[in-house]
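Below is one structure, written out as structure tokens; the observations come after it.
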């Protein structure tokens, strides 16, 4: 088969290039008196949640150097985005950081709203905050429980995943899907919260803290776990900033940079919460920061839910927000708007806009250049994983294989976000 | 020894092997169900009633799976590795006293594969051999992950055997014999349950159980095969039943370790008030029947103890994170071995000053 | 580094106490937690026998709705195909002929309407795009797994809603039970 | 939304009146002009509140290096950088866009450079910001921009033997192997 | 509701081209088939979003272990079922193929999610348009990502295949021809 042959030749060339690169970067045997092993970690290693390769040069169990390769699920988000109308890009952003797709989703919509100059009503903003914080919690749940799995404790993962499963139920009530939610719309939300959704959310808010406390008591002060993570893979604040760290990983290093506070969006200035910061940026700090962020997110959700304003759940922007279905069936004007929006013929101004939200892993930026057409002229995603994963080779040097894996899972590298 | 007696003994050995295999097989099922229950799941329930046929399904599948030799592997050693692991694991179960004797007329059946007066040393030696199975298999696979697993297994087992041996020495000092049967009987002074060695040797028991976890490569010491680091560790390259043998060997080892712990520290087949019960039964049933009944109950007792230990092994596995390699070594060399030495000294001192209750002489001379 | 936000909460890392250094208390705490779960109620739903309730707005398998008189609603305007990010919908439009008024509601109708279920990402944009309330994603049905790739091209034979009252999709514009029954009777009579 | 997030000039002016030390876009621009001269920047604008300026590739390295160490502004965080392709702009087809962020003052700055596609050489920033390393590799991968001085300029996301730079506008999105798409008449 | 969701496949038909000799040949084959069906150890080849839904399938609510498949074998030698979940880019494709080649017979492949089955929304220069271009796929599970229910349905379809497969199928010329058409030795 032709496809096969090309793929195989591709693979061969790829391998050769990789070896060549490897030979350049990795100290060869001559540099060391002792014998080194090359260990190929990935792309299908069980601990690389997501797919990326690390070629480690090892002296026994100690890592001398690492060469990362990424791009194994490069899906060409930025190129596809140039061919899709604004509203269809939601489906792309949902699949970028799939652990917390609502954040990506809302971030993208806020970017477009900024470009179009739409003001979203308070209720929709609060609804977005609730969904985004839920997404952040689920993202951190995955990361921290996977850290448990990678240190060998599988059970905590399943306890937390049950909670994630309940959040999925809430998502499902809100938008009709579990993981790739597609729940926002330009100008607001797709639909209002149903009473069932709010009831489920309140029930979950009541039950979740107990589970979380249980998880913390299983791990936080367990010496076996602490030995595995304390002072493993530390990174200083200067280095972290130089490497472009954001989000929990930067905060673990002691810098309290949080987009939600620095450049509040979607009414985050209304809520009272704290930014947890660590001290020396090691794996334990990252773990604690994520745990604490879960508690802070719970605070935000509680505040938002208690103060959820009445009113419309989308902006009054007939040029951009789809008219209600009943109107489309009856009203000619609504039908015309409906057609125009679906065909993507909305009036977008020429201009460029950068908007960032605090994603699960850090500052998730959208740089959108519009030439007034139906699609973005250029859309660049600032993907936090992609940016901070390049520090990984430096962080693992001198540690052991077990540490390398723990560091990797505590950094929470999401392949979809990494490879675009 | 007469031939019939030898025949009976051969039968007992076969039964012991069979039971070991059966328990190992169903340990896989137990592991799955226990793990599931600890994790709010239900576990296998679709293969047969309550999923009871699950181990059989696994076994048949493993038997019918393609044999595979990785490129560049040493074929002979590649086959030899799992065989060795399995054989040594099974051999260890031969000397464990699963019960007292049964008496039918003039025939006496000892419920023990074979009684050797150095039973403890035998177990110790055979179990040490087990690591060769892992090492050979890991080395023969010609895979770096396997090799790393094998190296880890070797150094881990050797390190922990030291501490384990020293914990045993303390038991020897208390019991003054190496025969497992004798050790069991010593712990059954009529009416005195505190003659169980665990009471005399609490620290030794803790050291022993930790080392048992390490020797059987179970979490938190499952470094040789830890999935998230080494894919499959030493058995990464194994398919079909060769891989199954490794899995079985692990469970047989767990079984043997549990049995040894029951025998050494928890009185083996003894249970409290057995002599009172025996005396009461003897009144109505006659002495021989009463003895046989008590022996039967003893077998039930030791298996109950073994199963609770197996459960404990699994319970721990699904609760704790695992150590890192250097931490494991540090724990072994800098904590457990000094503790074990301290335990020996302590035991010696306590024996010297007669703090540890001595087994009454009349019972030993019996 | 100076504080950027004045809202920082520095997480203390207390050194381990002696009890914590001894491993055992934390181990027993962990063991007790897992043991508690051992006896707690299990969360598992035994799937093929039991099912989990879906939300009424769950986005499942597509359906092409009929109207109150049993006519197909779809008018082959193509909006759903445009809105589909996966480009999974294809259709061929046709003019309604005389005498087919009982079959198709509008003058234009879809001669063929195919959804490639393997491409489809169930995002719901087609449902949102439809100006005739024709295409809906059912809440109670999922696309089943299959053996062959070709079986995933869902044509009108599998997409158009059946007329029997209990097999109709609960999603979208609903008929009253009486309407559905009347419609069913009518369609079965026609068939006879 | 628009009001709440963007660092709007109106709001900034209001803040500047109350807090004279507050860094605003206007003050950033003044400092930039002082440091590098008026002619270093063209097309200065503030779309959606973010100060944007175009400069040349000859000066970009110097500017970003100076800004990195500059004590009053401290633009020490390189948020992101990306390439862009305008096939219609004669001799200015390719561009690089840098987003700098001064975390201390919470001010962002966008710098752009444009250069011809026939000579897509740009100085690397990986000696100033470690994070630029992969972003430059990405820009090379997507647009074929050559970063002079980059330690390891090879493709990062795509396969090594790819012989074109896929994000340039003339290349198609699809690989052409899709079989199930038959109609193209809906304008998609 | 239950009856509606019963999958539409009634009986098991072997994929075309693999109908080797001796379906239901002997009772031994039946036993082996049932055993294999109940002991499908998956190799979760999770690349993206679908991997998270696979975690949900492994999780307490769905519990894939009920089907005897909870022991994920990350070593391809020990796995019976290759579950490809998520986008397979062209850079990744040779690796999927390599993993498939490393698996010991009998092996099945389940493609989970739109991306693995067909490329999904990612009709782009870098994404492989369906893994069946490089390895033979036994069961396709649609959805983006599929619900765990669908994954379990897919697993049960694989079980149907395994249960009804002749032991000799893997030696049959048809099967060899199938592999040869994919250039797999």
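Per-chain residue numbering starts at 1, and chain names A, B, C, D and E are given in the order in which the chains are listed.
Everything that follows uses one rule, which is that contacts are C-beta pairs under 8 Å (C-beta built on N, C-alpha and C of every residue); 3 or more make two chains touch, one makes a residue touch a chain.
If you want to know which protein each chain is, UniProt gives these names: A = NADH-quinone oxidoreductase subunit D; B = NADH-quinone oxidoreductase subunit H; C = NADH-quinone oxidoreductase subunit I; D = NADH-quinone oxidoreductase subunit C; E = NADH-quinone oxidoreductase subunit B.
For clarity, every value in this text was computed on a predicted model and none was experimentally measured.
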{"item": "Required steps from chain B to chain D (each step between touching chains, minimum)", "value": "2"}
{"item": "Shortest chain-hopping distance from chain D out to chain E", "value": "1"}
{"item": "Chain of greatest Cα-centre distance to chain C", "value": "B"}
{"item": "Chain pair with the higher count of C-beta pairs in contact (B-C, C-E)", "value": "C-E"}
{"item": "Chain whose Cα centroid lies at the greatest distance from that of chain E", "value": "D"}
{"item": "For chain A paired with chain B, centre-to-centre distance based on mean C-alpha positions, whole Å", "value": "47"}
{"item": "Rounded Å distance, chain C centre to chain D centre (Cα mean)", "value": "41"}
{"item": "Chain A and chain E, separation of their C-alpha mean positions in angstrom", "value": "29"}
{"item": "Residues of chain E touching at least two other chains", "value": "60-61, 63, 66, 74, 90-91, 118-119, 121, 123-127, 133, 144, 147"}
{"item": "For chain D, residues that touch 2 or more chains besides their own", "value": "103, 106, 157-159, 166, 173, 177, 180-181, 187"}
{"item": "Multi-chain contact residues (two or more partners), chain C", "value": "4, 27, 30, 33-34, 37, 42-44, 46, 82, 85-87, 116, 119, 121-123"}
{"item": "Pairs of chains in contact (touch as defined earlier), listed by label", "value": "A-B, A-C, A-D, A-E, B-C, B-E, C-D, C-E, D-E"}
{"item": "Parts of chain C lying in touch with chain A, wherever the complex brings them together", "value": "1, 3-5, 7-11, 13, 16, 20-23, 26-27, 29-30, 33-34, 37, 43, 54-55, 57-59, 79, 82-83, 85-86, 121-125, 128-129, 131-133, 137, 139"}
{"item": "Chain C to chain E touching residues, read off their complex", "value": "42-48, 51-52, 85-87, 116-123, 140-149, 152, 167"}
{"item": "Of chain C, residues touching chain B in the complex", "value": "27, 30-31, 33-35, 37-38, 40-44, 46"}
{"item": "Chain A residues within the chain C interface of the complex", "value": "84, 87-88, 90-92, 155, 159, 162, 165, 169, 172-173, 175-177, 180, 182, 190-191, 196, 214, 217-218, 221-224, 226, 230, 237-238, 254-258, 261-262, 273-279, 284-285, 288-289, 292, 322, 325, 328-329, 335, 338-339, 342-344"}
{"item": "Interfacial residue positions of chain E with respect to chain D in the complex", "value": "90-91, 118-119, 123-127, 129, 133"}
